[in-house]
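A single structure is presented below for examination.
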Amino acid sequence: MALLDIRNLSIDIDTAQGKIRVIDKASLNIVDGSIHGLIGESGSGKTLITKAILGLHNSNWTVTADRMFLGKTDLSKLTHKERRQILGKEISVIFQEPSSYLDPSQKIRVQIESVLPKKTWKQRFRLILTKIKKVNVQSRRLQIKELLHKVGIQNDVAVLNCFPHQLSEGVCQKVMIAMAIANSPRLIIADEPTTAMEAVTQSQIFRLLYKLNQLNNTTLLILSNNFANTSNISDYMTLVYCGQTVESGSYKQIMGSAMHPYTQSMLKTLINNVQFNEHKAQLYTLPGNIPSSNQLPIGCRLGPRCPRAQKICVENPTLTTKKGHSFRCHYPTKVS
Amino acid sequence: MRLICLLFFITTLSGCYQNKALTQNTLIYCTESLPTSFNPQISHDIASLDATTHQIYSRLVTIDPKTNKFIPDLAESWQRSDDKLRYRFTLRHNISFHQTEFFKPTRFLNADDVLFSFNRMLNVQDAYHKVNKQTENYFYNHPFTDLLSEINKIDDYTVEFVLSKPDVTLLANLAAHYAVIHSKQYADQLIEQGLQENIDFQPIGTGPFKFKSFDSNGTIRYKKHPLYWQSMTNIENLIYFTNPSATKRYTKLLSGECDAISYPAASQLETISKNKNITLNSKSTANIALWAFNTERPILEHNQVRQALSQAIDKKTILQAVYFRSAIQTDTLLSKQSWALKPRFEEDLYDPEKARQNLTLLNYDFSKTLTILLPDSSDVFNPNFHKTAELIQANLNDIGIKTDIINLSGAALKARLRSGDYDTYLTGINVHIDDPDSIFRPLLSCNSSAESGNSSHWCSPKVQVLLDQSITESNFAQRIKNYYQIQDEVYKQRPYLPIAHVLRLDAISKSILNVEVNPLTGINFQNAIKQDLN
Amino acid sequence: MLSFLLRRLNLLLITALILTIIAFATDRIVSVNSETVVNSNGYIKQYFAYLWQIMNGDLGYSSVDNQSLLERGLIFFASTLELCFTALIFSSIIAIPLGLLAGLFRNTRLDYAIMTIAIMGLALPVFWVGVMAVLLPSVWGQVLPVDGNLSLIYEVPVVTGFLLIDTLMVTEQYELFAFIDRVAHLILPALVLSFFLITEIVRLTRHSMTMVMRSNYIQAAYAKGFSRTKIVFAHALKNALPPIIPQLRLQLSTIISFAMTIEIVFNLNGIGKWLFISLKTGDYLVLPAGILIISGFILSFSIFIEILMVVISPLRRGSLYADK
Amino acid sequence: MLINNGFNEDKIQSPLGYIWSIFKTKTIAVVAMWLMIVLIIISLFAPWFVPHSPLAQNPDSMLLPPYWVEGGNTNHILGTDDLGRDSLSRLFHGLQLTLGGALIITLLVGIIGMLIGAAAALTKGVKASVLHHLLDALLAIPTLLSALILITIFGPSYTNCLIAISLSLLPQFIRSSFLAIEQELSKQYIVAIQLDGATKTRLFRYGILPNILEPTVTIINRLFTMAIIEIATLGFLGFGAQLPQTELGSLIASSMELIYLSPWLVTFPGIAIFAVIIIVNVFSEGLRHAVLEGEE
């Protein structure tokens, strides 16, 4: 069953040079309980898609979508208040460079406390009682401690009393994850959670995310520009190029029978890493550069770089779906 | 919204910020400049007189403002001897000096105090004669020196003035501002304390108000003298405040922070006269605004040149633009009130065409730039020197003479005057005594320096002789004749171009009654009464 | 902490020394102008003598009324500070909310309206506003005083030099009237000074708020489902307001500069008027005294603010350990 | 709906061109720019514009009100002063002195300050720290005070007033440009240029200068605003332009006593100063926004 179902999501941004369509008919289908990788080069619009999902877009954006459902709720029709009910409770987000996403003026303890479910009046009353009589109630402190232990922070007291700038990126990310899972959401979106981290920390974080998925059955959407890294833990993958979702499918479908030339080129880079090339041979890349956002080609945006491009590619190809494996290409070919 | 709240707050606060109970018995007089001292014997500027003569001190005799007759003040009565050389004054009893923080009198006023007050000026041997370096002051001992031979104490309440020759001006002199009576006891106390200088700065007198404090920000505080022998006012506190800006003074009068102001700006007269809450008090004075020609400059050496230049000046416009209604156009040094004024057909000289012709005839060098020197700040006799200079500049420009306006202040101005490095100078003179000599001597005497008045550097032996003769001349008719001669000479030689005789102006709130202004001796709050207008 | 204090103190000392050199040079030059000092000693010797004088709290005596320049200067400066302080409070109350709103609703009509008001505040020449205020009594009547420190009715002895405090000390005699009078006298000048301050504070607050609202942790807070109000009050304010203080500190000398002009226009007995009047009467020795008093204050106040910021702001505490 | 129809064949705009294209969309800023140009032209060519000589007295028409007020006439649009001189002409001449002076100061201080600021930012060691402390000390002296000191030393005149204001604003400008440059220096691409072995001048010219456009606009605007205010203030206090010169501040001072009789004489110069500052600020604010948006 699809937890998140997005079809033909488009985002237009107003700039001084007119409207620019940064996301062009992106579709995303996330299966409940799975890990879904959203993979694309930097600037391909991954973050924009998540912002649109969360509803955190600026006023000069125009977001249109045929369908945008989280479970049974239509995300595109939420009021501000309803959206706030979902954010943090049903969808949580983890960002890259976590230390900048933590309020620098507040201690970690305060920040974690603020995301915990709101106290009821009864609890507040008890809290006051604790202060007066030192009654031993199950305090939030314990709750926080548990959370931190869950994400693998052992010296919780020390961390709680720190300001974000006193902690390393890895710990910050763990804190972020702790805050994300505090309300046991159904979907966690991880926006390049390991960028700019050391390799050891990276794998720690990935393991942690994997564990969360396995133990709590939390659905994960992992955004990444690293095909190799992400593909390992993803059940499903979607590839994005210049704001267009080019291909999406299960791990097996993508790795085994990729239909889109862009996916194939990505795979080639991956395979080339595994199988040793000839001595001094060139590593594989697609020819050309990623176009800048105000110089986007029409139709299939891979067009100018695509080895199979033809005249018809100036029109946007329709989405083809086979057994959950979908792609947009005029000339799909399976490469053995 | 916030702004409205703010405005509301301001109005409520300001509505009550002035406390009626405190303002009721306080009179605030806002003046133009600070007094130089608190002794009219040594300071003759109008600010010092306003602050002292009538407020702190009393004199033996005064002049009744209505009848212009001499009336007794501290002296109960006086008799003149038959040879007209001796005047015997009987002093009033039970006159007490001010009791202040710095002096507690133990006796009433007596003859010693009178003797001390005059001897300080006259007797070179007196311990106080040289205190505060006032011997250099031109006016200091002048009026009496030649007049009095001695002053004798007959008994504690009788004093005899002996004249060197018969002279009718004694009473006038005794009513003048410099004839105030000091306390001998206070002077002795100061000698003991070694603080002789204080006599002129922490004054003790017998006047209606006693000195309380003075700070250099320009505030002088007086308190009512409770033992004053004459009728009392309802004013407990008299405060003088100095602000050189006429606009500011008028604003404070409007905002109720001043009850009376001196010298409102000429430009405000129209507005003031329209204001129903303000009385405008104007008195004609002998104060005169002048344009001095430096006669030592080769280009101005010739009196015909000076005459021609005078002809080029449009005084009417100056009167209009600078003085508005606060002065009377004049062509003589003496004011119309003066007894020595030689009646002459008042002619407006202004004729630029003729001026140019005359100058051309005199081979005047038009290529030379004339300098007009002027003080930086305004003065009693000229509210705006610079504007006057600009008008003169325009007038001279019309006849083809280029001019340079040089604006200097304080020490720099004095130095320039001393050096004589100027062609013309915008100046004027403040007259303190109703006597032609007080105008002629500083302006015309060869002994007078440019700083002390003779900025024309003009020295005529003939005039000098006349001047010196006139002081000692006992024949009044002869004296007048002498002064006529001097005026003729001045008119011919034109070391100065007289511009205007200035009015003394005070704007007084309608809530204050009975303020008397004497253009010579200063303002008088002795009988002033403050009433509640509401 | 100690090493941080020492380092700051060291900086203060060097800068203060440079200031004394400037003051000394001014002193020499103006002394030459007024032709009073003939000194055959070398400049270095003279300088050390001067320094010694300053250390003993002797800034010389007025050539006009022979009063101690330090004493007079400090009393006048207290009045200036009072004006600045009142204006600061006044403008903070108005400008901080405006700045926050402008930053929050950046590039909206509200923002443009606020910024227009702010620019106007800077563009109004203070002395001109002061001159125009002279017209007020003729329109309003006896509503607000437009001139002077305090009504002359009240005689307030100088205790602290701060009239607001001194007037409170004479309540026995005048009840609260003297204090109210002082406040009334401060309103107009403080209002005029606030024009400039409001501009500055609105700009700084707006910029700071914009920066904070753009920052990642605010995005994160949105993603956590917090309401806008909660985000502004819980996260944005706490991060947006502290940076304004050191920024405002940099404006301190400009503020005092404006305050000095206002004093001259409104005839307030502050350091500006003191310097102005003294210069007009040829008492040039006030200049070095003025430099030392004003700049000395600005310097020590800056250091004080810096230490204060380190104490109250967690982000800056890093600078305790190393210069970043 | 497809927005980008057809391959975009336009040339990529140069950064300056891009900023200009953004700036053009801001109507108010463009209006302010034209007004500024008009003002500058007026201040440069004031003598050719004015209907009367600013010093020509006319005893027959003294203290005329502006023409729209009863008693005024169209010969003197803004009325006349107490010597019958035309207010408008004096205002134009005042603009010449005030605005022109401010422009000169801005230009002078801008160039010198930028060079010193760059030198301070790019050098290290004794030179920089001496400069630093000196700046700290100079910055602690309020501009009005330092202007007063310099004028006391040199004597009051318009030229001296300009010199004094330049010198008193210089430390502020050096400090701001220094901060802007230093902030830029810490960025990665500067390191890249440095690693390329660029000389200091090259680094400054190609690495820093194009990237500090936004702070430069701000501080130059501030410099200009302060210069105008200072010139007018000193003129008003009598330390700047001397009387026959019609600097706006001294115009206000000399008409102060006439405020009850003819308030226009005080009002117009003040409004002129106000307008000049507003126009310049709106222009620079628009420019700054354009630069900012261009960089985004």
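Going by the order they are written in, the chains are A, B, C and D; count residues from 1 in each one.
Assume a residue touches a chain if its C-beta (ideal position, glycine included) is under 8 Å from a C-beta of that chain, and two chains touch if they have at least 3 such contacts.
Source: prediction; values computed, not measured.
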item	value
Closest chain to global C-alpha mean, per-chain Cα centroids	C
Contact-richer chain pair (by C-beta pairs counted) among C-D and B-D	C-D
Separation of subunit C from subunit D, taking each centre as the mean of its C-alpha atoms, in whole Å	24
Interchain centroid distance [CA atoms averaged], subunit A/subunit D, Å	50
Distance from the mean Cα position of subunit C to that of subunit B, given in whole angstrom	43
Multi-chain contact residues (two or more partners), subunit D	256, 259-260
Touching two or more other chains - residue numbers and ranges from subunit C	134, 138
Of all residues in subunit C, those that touch subunit A in their complex	215-217, 219-227, 234-235, 238-239, 242, 313-315, 318
Complex contact set, residues of subunit A against subunit C	54, 56, 83-89, 92-93, 95, 97, 100-106, 114-115, 163, 165, 176, 179
Contact footprint of subunit B on subunit D as seen in their complex	55, 57, 59, 62, 82-84, 238, 242-244, 254, 256-261
Subunit D-touching residues of subunit C, taken from the complex the two chains share	11, 14-16, 18-19, 22, 26, 29-30, 33, 115, 119-120, 122-129, 131-132, 134-135, 138, 253-254, 256-257, 260-261, 264, 272, 275-276, 279, 284, 287, 290-291, 294-296, 298-299, 302
Subunit D-facing residues of subunit B, complex	245-247, 250, 265, 267-268, 270-271, 314, 317, 320-321, 376, 383-384, 386-387, 390-391, 394, 405, 407
